[in-house]
Each structure stands twice: as structure tokens, then as C-alpha cells.
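What follows is a single structure, and I will ask about it in a moment.
Order of writing sets the chain letters: A, B, C and D. Residues in each chain are counted from 1.
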């Protein structure tokens, strides 16, 4: 009896990696999680234990690997899902591509253009598919906005807005400088490009340490506003914060000559509470409540692309273009001037 | 290698059965669809073909059975999901219970109290679990409303409302009389009981053939309003229609001494379109867009209950109590008078 | 120099009367408040003091009258606005009509059919205009719903809903029995008639003392649900409560073969507060925040009708028809049976 | 008999002037419109005719003046409402101040800093009150947002947003360059200052002729995005368009360390239409439907300030500070660089 499911190795068993791992093991019938690669055994074990409870046949249970190499050497591994810290993405992509594996890589593609180009070159040489984890593109609301741009419903796109505000984060002390641009606003840069259907030509950014001024000396910026001019004339803003008291706030707005579309903050709980304190609807404090379905959908798309040979809808070039915008925003903050892309 | 997944036979491969079948085959890693029972081979084949595309091992592929008996004789079948037309529910429940299988039965439990009591007696004799498919209880919004009642947030419940309006249906000609009460408003009766946390003591109903007056001679009512008085004093209304031009409309409202909660019409698409024609949000034309997640969640609950021995949260008695209300509403329409339950 | 403004006497300087008085004195340039009639001098003085601060010419300042008769004898009084307690409405209407004055009367027209018919007969004999104070008909949202019925946008009306829930009231001890039907739900009965564009043929009501059970012995009902069947087949529900913890709640819903319209709870404050406690929009605790504009608009309409000879849009017959429904609801509660109208 | 109402001369009977004129004549019982000054007799007559229908005493009817001087010479004129084109504001303010009249001036205070300073100096010398027409400050929603900043509800303000999008305008051909900053975004600049509770220190603007490229050669920009850094660290964006297909769109958003408030787009029509085309709420195509109440409230405030000696809440310095931001935005567009204020 042959297993026709796509064999996948997961690299990185952190928060996001663990969710992808569960998706591969339990939410996607056409995928099979073969190995979990993480130098921290405890992280991998936590994930494997959770999955192991599934009652699947023992023979098919995924195994832990400390290093990527042995996993890549396993012919049962047909694809790799990269969910390591961002600065390790390029090495993982290169190694996987050179081993001939299809690659799904969490955003950002990498932290530097050099690394990005190195990874893209390896992927191209190997001729393997590469998909970047911009999961918002798989959310029904954001998709409808894109469709309204693509089919002309909104006319000529003129103004755009995208925001990403995290709930009150407690991990700011350990963040590398530039996190707000390279890890957070990277989502917005991708969304703006996608919805503007054009490339950025000028970026201006203001950023500050308004939430944690004590971390400013080490270069951490926690609040940012970015303005973008696109090649087709559209003007856009994005903003981000690491501390929204009211929970996740992820929205986009596309304004065109024939109308506007707004999307975001979708959550499955429709309960409105009318009390002496006012009329309250639920807030979202966990990103998987906002985007769990989209994370599953992007991996399902990846699995199907690998199985059918269809190219993924979110390419390595998309990952690179968003990174270019993030780096331009960083440069703009440093110089105090708009930066041409 | 032993398969630890729960083996399930599906009885009835119609619209709802097909979705449950796909859920068992592809969405629940802890379940295994062993057999699809349907006298109409084509219906079963359509479902099996769709599932077959999953690439699961051939040895585990579900098979078609024309009759329930052979499926019940298979020791690999540990549980049965009943999704036949309502008037056949009792026989399937009785047969499955007598074969010692756990039973999940779509709503309504049956069409008559005699059948319901016969089914419940068989289940009790066999000591098997029985869960009724009131999937709204598994929707996050409706659950929050229930929680707000149960934990006292809303105070003493005084007024309730529940509505079910289908999109413009094209299958009205074939409906048995009473469908609007026994098949549609049965959801609302269950919801009202659950949210009132009390039993109905009086039911008054008005109903008419406003959408399809030509079907009135054969007894088909397509529009109904029901008033219910509960034992704890709460007063409730429900209404239903077979033809909402704007798509599905499923809502509930609980009003108590300390506040109100409203729920319903949750859909994953958050796009608002602002055009010359006004400001438009998406409508929902497919019931799985509203409740797909809840149908999966109720089966996941059932599978877990069977595996752990925990009793299901929606019991056969719940199914019977909602049926009692539906029959009282029918009697009220016939007599033009309120009916004591 | 002649004053071309319509001279009006206000009868009753309670809460509603005071607002009407201010409107006549300060919000309607085409009206002039000539006299405030109230046996309680302090109530009249409070209103006159508030108006007096307006700096209008002393010669035009309104005066206090203890009795209606002297005001009616004043030729400067061309119209009377009746805002006394409901059981005194008929006498005031009759007296004003017999004096040849135009009459605006707060809802309900009266408390009994005998009184209503007596008042209507006097008005007809005198040939004076009579408008009833159903101010919801002058709210932009409710008007749009009516227009959508009248112009066929919604198709054939099939289901309706109207609710009136007051904030937590502190005056329940002094209410006469039947208040919830004759004073509160009377608004809903008018709205249902207007939106159904048809007359009630059957009324069924459930009511109880759920908020203040201690007042039940004296006949006070504080929570009610009413079902109405209209001559054109439309089915409707209404509910009312004297104690909504979350403030005013006044809504209507019209469902027809071609769509639905929902209206209500309009308030001028658009601020949404996103906090750690959730997402909150303002609630409305003061009925003038909901309907202040509509109370002004209905008087403006009345003044214009009197000046132009055009008949008022809300007639005495409208007042009577809503009273008929209220009395039927009361009878239904007493008999426990639906009442044919 | 003495008239205690405040005598006001209106200068400019265009769209906004006409509404202010009607407000003074018919909506504010404590004001009296004495004269309408406009070189275009027809414009003044149209307004006077509309007001004349009010039935107020002929002796009090306002008169037309071609020039401001005669109106200023009239001792019955105690205050002047300036609603001329923006480039004429300074002369009117200076003349009125020198005549000792209180001044209400539509936004912007003037078009140049020189004119603004000249006007402010005249006002200071004369010791008369000056209020600028930023009416959003008198809208209940915007006021609540300001209150939430002022009372600390939102914590430290970190991110702000303000937008102004007009419906599809047909008067673009005649606009002076800079209109989008000096006449439109001036509202947003005031709102951002007010809600940030701080002064702008840096402004960056992108603008283009996306709607009417054919007007670009004459310098007209119709779409703009502005970024502002405030002295207290808060970062803000504003955007504007002269052509929103979906009608007026005026919103603000304040994000602070303890939460967020969003406001705007308040309209009196609460009707939601659920049809085969989706779920639609009314749009707003007329600015008075959005802000009619606020225009009345600002004049009522002005009248009361003049009568009581209390200083107006929106001062000439407020007008100047917003103009400074508008001019900085213009300079930023010209230089392509951020501009320090």
C-alpha cells in the first residue's frame, strides 16, 4: 500500500511552525508530515506529542530531526515548510532547493536583499516551486478586494491603506531592529502591492519607540507610519503598532475611481453584547482566530501546486518585492527622507 | 499496523450527508469513513469519487453499501452518522443502536413522537451514545450567547428571538406538510430552549403559504411565526421563511434583565463594497458558508465523545424536546389556538 | 406689524409636553407658543423659564394657563398640542375641535374606543385637522422602510417585526395596567400597520411581570410579545420591555418577497471605542437622542399642514386603528386566546 | 419692545453662506440675520427669498447689501459671519474687527500666513472674539473622540488618521492650486491637532492629479496623502480625494496606548436594505446630511460666546495652525521632501 500524500518536512517548531505542523499532520488529508526539524528538541517534541494524539498509524508518525540535512536526504520528503527565524530563511531555502524539494517559506523571504537573491537563484537553478507565506492573500475578504481590483470593479486604484496592529506584545525586548518593517509591515507591503497591482516607486516612513521608549537605544521601533507611491500613481499608507490594547487589528482599504472596498478583522464569533457599559462586539486576541483558516488555505494551495505542477500564487519575487519596500522604509527612517525604490 | 481512527458508516449521501461524509473522510484526522450507505448508488458514488481523490491509501478507502445491515455487521464500523430523510431516522437509529453502534443523527430526531420514543428506547437499552445534529450549538457566536446565559451575564432571560430564513428555495414542491416546523424551525426551537435554559410550556403559531400559494392546497406552509412561553417565564418568538431574496438569514437574540446578546449570520468574507449604489456587505447564499465550521465541529465532538466515553452535548432528549415544540406549533396552526406543551 | 407664525397652545407640560413646547417656541420659526396649559403651575413655569431665556420679544412670550378653556378662547391660538396623560386626551381633543382649533395629539389617541370615537366625531363635525404623535413616521430610517414597501422595492410584505424597549424605568409603580400595550406597543402597532400597508385581523399576545413581579398583583405587565396577522397575509411580531439594561432599543424589520429592510436605533454619536474590554459603540439612554429630530419634524409637518390646509399624514383614524390593536392584545392576554379584530 | 437676539451680518451667500444664513434666520432663536452681503445680488436674493417664507415679522427681515461697509456701519449688526471665498477672508475679518464686531469665519482662516497674521493682529487689537468654522469639532462623534483623548481614556496618543473624501465633484476646473490642502485637508489638519492634542513638527505629502489628469498642467491636485509627526511623538496620516464614487467619506481614528476610537460618516438614515444584490446601507451624497447639525451647533456656540463673553472654542490660532500644516504639505509636494514646521 502506497501513500499518495505529499511528504513534508517542517523546519522550525516555534509558534507559527507548530501551527503549520499541525495543519500538515491533521488538517490537510493530502499532506503527510514526515519530519520536524528543530535544534530545540523540546519544541519539536511538544508538537509531535500534540500530533501523536491523533491515533494515526504509528508507521506514519513524523520524526524529530535536529538538523535539516537528514530530512532532506529522506526521499519521502518531497517538500519543506520553512518556519525558522527570518535570518535563517535563506540557508534553509537554498539547502531545500539544492536537494530538489519544493519550498514553502514563511514571510519574510529573508532579512537582506543579498540573502533573498541567493535564495531565489538557488530556487531557479533547481527549478523547484517556492511559495512565500503571505497568508492574507488566502483570506476570503482580502481575496474579494483583490478581485474587485483585478476585474475593474473599483476602477483605477488611487488610495490604499493597510494596517497591522498586534495585541500587547511581551516579546519586544528580544526583537532585532527593523522588526516592525521586516516582520510586521512586510504583510502590509505585500498587501499594498497586490491590491495596487503595481510596484512601489517611493517610500517614506516615520517610526518611533512610543510604546517602549526604553528599548529605543537598542534600535527597536514599535510604532510606524509608511507612505508609498506606486508606479501606476496610486498613493498608499500603512501603519503598525506592537501594542493594540483592543487586540489584533488587521485591515485594508482600496479606494478607486469607481468605489472603495474595506476588509479585515474577520473573526468567527458574531456575538454582540448589549450591556449597561454599551454595545460590545468580541475582540480578537489570537492571530489564529483571525487567520487560522488562511494559514490552512495557503498550505493547501502549496500542496496542490506541488502535486499538480501549477506554480504557487505567491512567489519568491513577491517575497523579494515586499522586502525591498521594508528595506526602503528602514532607510527612510534613518535618513529622514523619502527613498526611491 | 492498527488504525486507531474511529470507523464510521454514513447513512444517506444527500446534500448534508455528503458534507458529513467528506468531513469524516478528510477533515477529521481521528475518524475514518468506512462505508457510505445509500440505496441510490449514483449519490454514493459521487461522494466516494470526491473523497477518493484524496490520495489516502486504497486499503482504507470507504465502500458503498446499498443497505444499512451489512455496514452494521462490519466490526470496523464503530459509529453511524444518519443523514437520511427525517421519516427514516428512527429505523436507522434503532438498527444502529441494536448493533451496538454509537449514533449521530441529523435533525430532526424523527417526524413523530412515537418514532422518537421508539428510537430513544432502543438507544437506552443499548447504552450507546446518541447525538442530534443541532450544529448551531457548535458555532462560536451562538456558544457565546449560551455562555452569557449560563454564567449569568445576561441576568434573568426575559425575551428571545430566533429566525431561520433560507435563500430562495426551488425544492418546495416536494416538501411534506409541516416541513417549516419539523425541519426548519426545529433549529430555532432547539436554540430557544438552549438559550432560555428552560422548557416550553405554551406554543402559538401562525403560518401561511405566502411564497407559493399554489402549494397551499397540498398543505405546504412557507412562512411562519411562532410564539413560545417558557417554564421560567421567558417569552420567545421565532420566524421562518423558505425564500429570503438576500440569502441565508439565521440569527438569535437573547434579552435578559442585565443585557442582550445578538448572534448569527457569521460569514468568512469581511469585504465591504462602497459603490455608487451604496455600501454593500457580502450576503451568504450557501449554508455551508454560514455553518460549515459548525458541522465539522459537531462531528469532531461526536468522535471525541465516542472515543472518550463522554456523553454528547446534544442528546436524544434534546431532539425530542424540539420535536415536541414543532408538533405543538403544527397543532396550533391547525386549531388556531395556543397549545400547552 | 403682524405675526404670521402659527399660534399654538400646549396642553400638558410634562416630559413630552416640555419638549414639544420648546420646539414650538424655539425650533420652529413658523410656530409661536402662545400658552402653556397645565394645572401644575411649577411644571408650566419650568418650561416657560427655559423658553424665556431665549431673548425673544417680551410681547410674544407665552403665558401660563391653569385651564384649557381660556386658551381656547384666545383667537391667537390657532392650534392645540395635546400632551396630557392619555386618559385625558379625548376631552382635550373634543374641546379644541369644538373651539375650531387644529389639534396635534400625542399617542395614544385615547385609552378607550368610546373616547376615541367621541374625539373623532368632534373632529369630523368641526372639520379641523387632527394629527397623532407617531413620531417614528418622521424618522429618516423608518421613512425609507415605508418607501421601500410603498414603491414595491421589497415586493409582497410577508414578515414584520417591531420592538420597543425602554431603558431601566423607575416609574413603573405608578403605571396603569395595560400601559405596555396602550402607551408603549402602540408605537409598534402603528409602525406594523404602516409598514405592512394593511390592517390587523388577528392579534395574539403574551405578557408577564418579569421585571417587577411585585407589581403583578396590581395588574402591571412589563414584558410582552405580540403576534399579528394582517389582512394581506403578512405575519408580524412585536415585543416590548420596560427595562433594557443597555438603553433604548427601537427597531423594525420588514421582510418581503424581494428583500428585507431593517431600521432603528439611530443616534448621532458615531464613536466606536476599541478597548481592552472589547469594541464598544455608544448606547442611547435618552429617547430624545433617538427621536428628537422626529419630534421636531412631526410638529413642523403639523404646522405646515395647518398653514396650507393639507391633511396631516398621521390621522385620527391611524390613532384609532393602533388603539384597536392594543386593546385586542390586552384582551388576548386576559383570555389566553388569539383575538380577531 | 426690544429685540434681544444677536444681530448678525452674513458675508457671502454661496453654498455654505446660504446654510449659515438660514441657520441664523430660522434655526437659532437667539440670533437675528440683519443683512446678507454679497456682490452677486441674485445669490443674496435666493437666500432672502427662502428665509422670507418664514413668516417672521417684516420689520425684522434681513436686507441685502452689495458691500460689507454699510452692514458694518449698522449698530444692529453685532457680529459678522464670513463665508466668502477663502482668499477674501482676511479683508473681511480685518474690516469686521476694526468695526468692533465679533467674527465667525469659515475655514480656512485665509490662504497665506501673511493674511492670517494680518487678520489675527486686527482681531487682537480690536479685542473681538474670532471663531473659525471647523464644524467637525461640534459633531457628537468627533467630540467623544476628543473627550477620550482629553480624559485619558485612550492613554498616550500614538497613531491618528483623518480622511476627507468628497463625492464626485464637478467644480474641479475652477479650483485654485492647493485647494486640496488649503480647503479640504485643512479640516483634517485641525482634527489631527485637536485629537493629538499637540502641534505638528514635520509634514510629508504626496499628491497627484489622478482623477483629472487634464487639470494637472494648471496645478490642480485631486488626490493626496499626508504624514504628520507631532511634538508629542504621535504619528498621523490624512488622505483626501475629490471624487468618492460612494459619496461623502469623512472619518477619523485615534489610536493610543490604552485603546482606539473611530468616528465619522454619521447620517440620520438607519435603513439597511437586504436584497438580491447584497446588504446595503445608505450612502451620504450631501455634506449637510453629514454635518448639518454641526454647522448649526458651531453657530449656536458662537452666538452664545458673543452674548456671554466666553471665548470661542475654536480660535484664530487654531485656524492659523491648520493653515501652517496645509502650507507645509504644499511645500512638501513641491520639494518632494518632508518639511519641518
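Structure notes:
Simple rule for what comes next: contacts are C-beta pairs under 8 Å (C-beta built on N, C-alpha and C of every residue); 3 or more make two chains touch, one makes a residue touch a chain.
Nothing here was measured: the structure is a model prediction, and the numbers come from that model.
Using the contact threshold fixed earlier, the set of chains in contact with both chain C and chain D is A, B. A count of contacting C-beta pairs for A-C and for A-D identifies A-D as the more extensively joined pair.
Rounded to a multiple of 5, the C-alpha superposition of chain A onto chain B involves a rotation of 180 degrees. Here the spacing of chain A and chain B, counted between their Cα centres, is 37 Å. One finds 43 Å separating the Cα centroids of chain A and chain D.
Centre-to-centre separation between chain A and chain C, using Cα means, comes to 57 Å.
Of all residues in chain C, those touching 2 or more other chains are 244-246, 249, 258-260, 273-276, 282, listed in ascending order. Within the complex formed with chain C, the residues of chain D that make contact are 1-5, 25-27, 29-30, 54-59, 139-142, 144-145, 148, 153, 258-266, 268-276, 282, 293. Those residues of chain A whose C-beta lies close enough to touch chain C in the complex are 244-246, 249, 273-283. Interface of chain A with chain D (complex): residues 155-156, 158-159, 161, 165, 202, 204, 206-208, 210-211, 223-225, 227, 229, 233-237, 239, 241, 243-246, 249, 255-260, 336-338.
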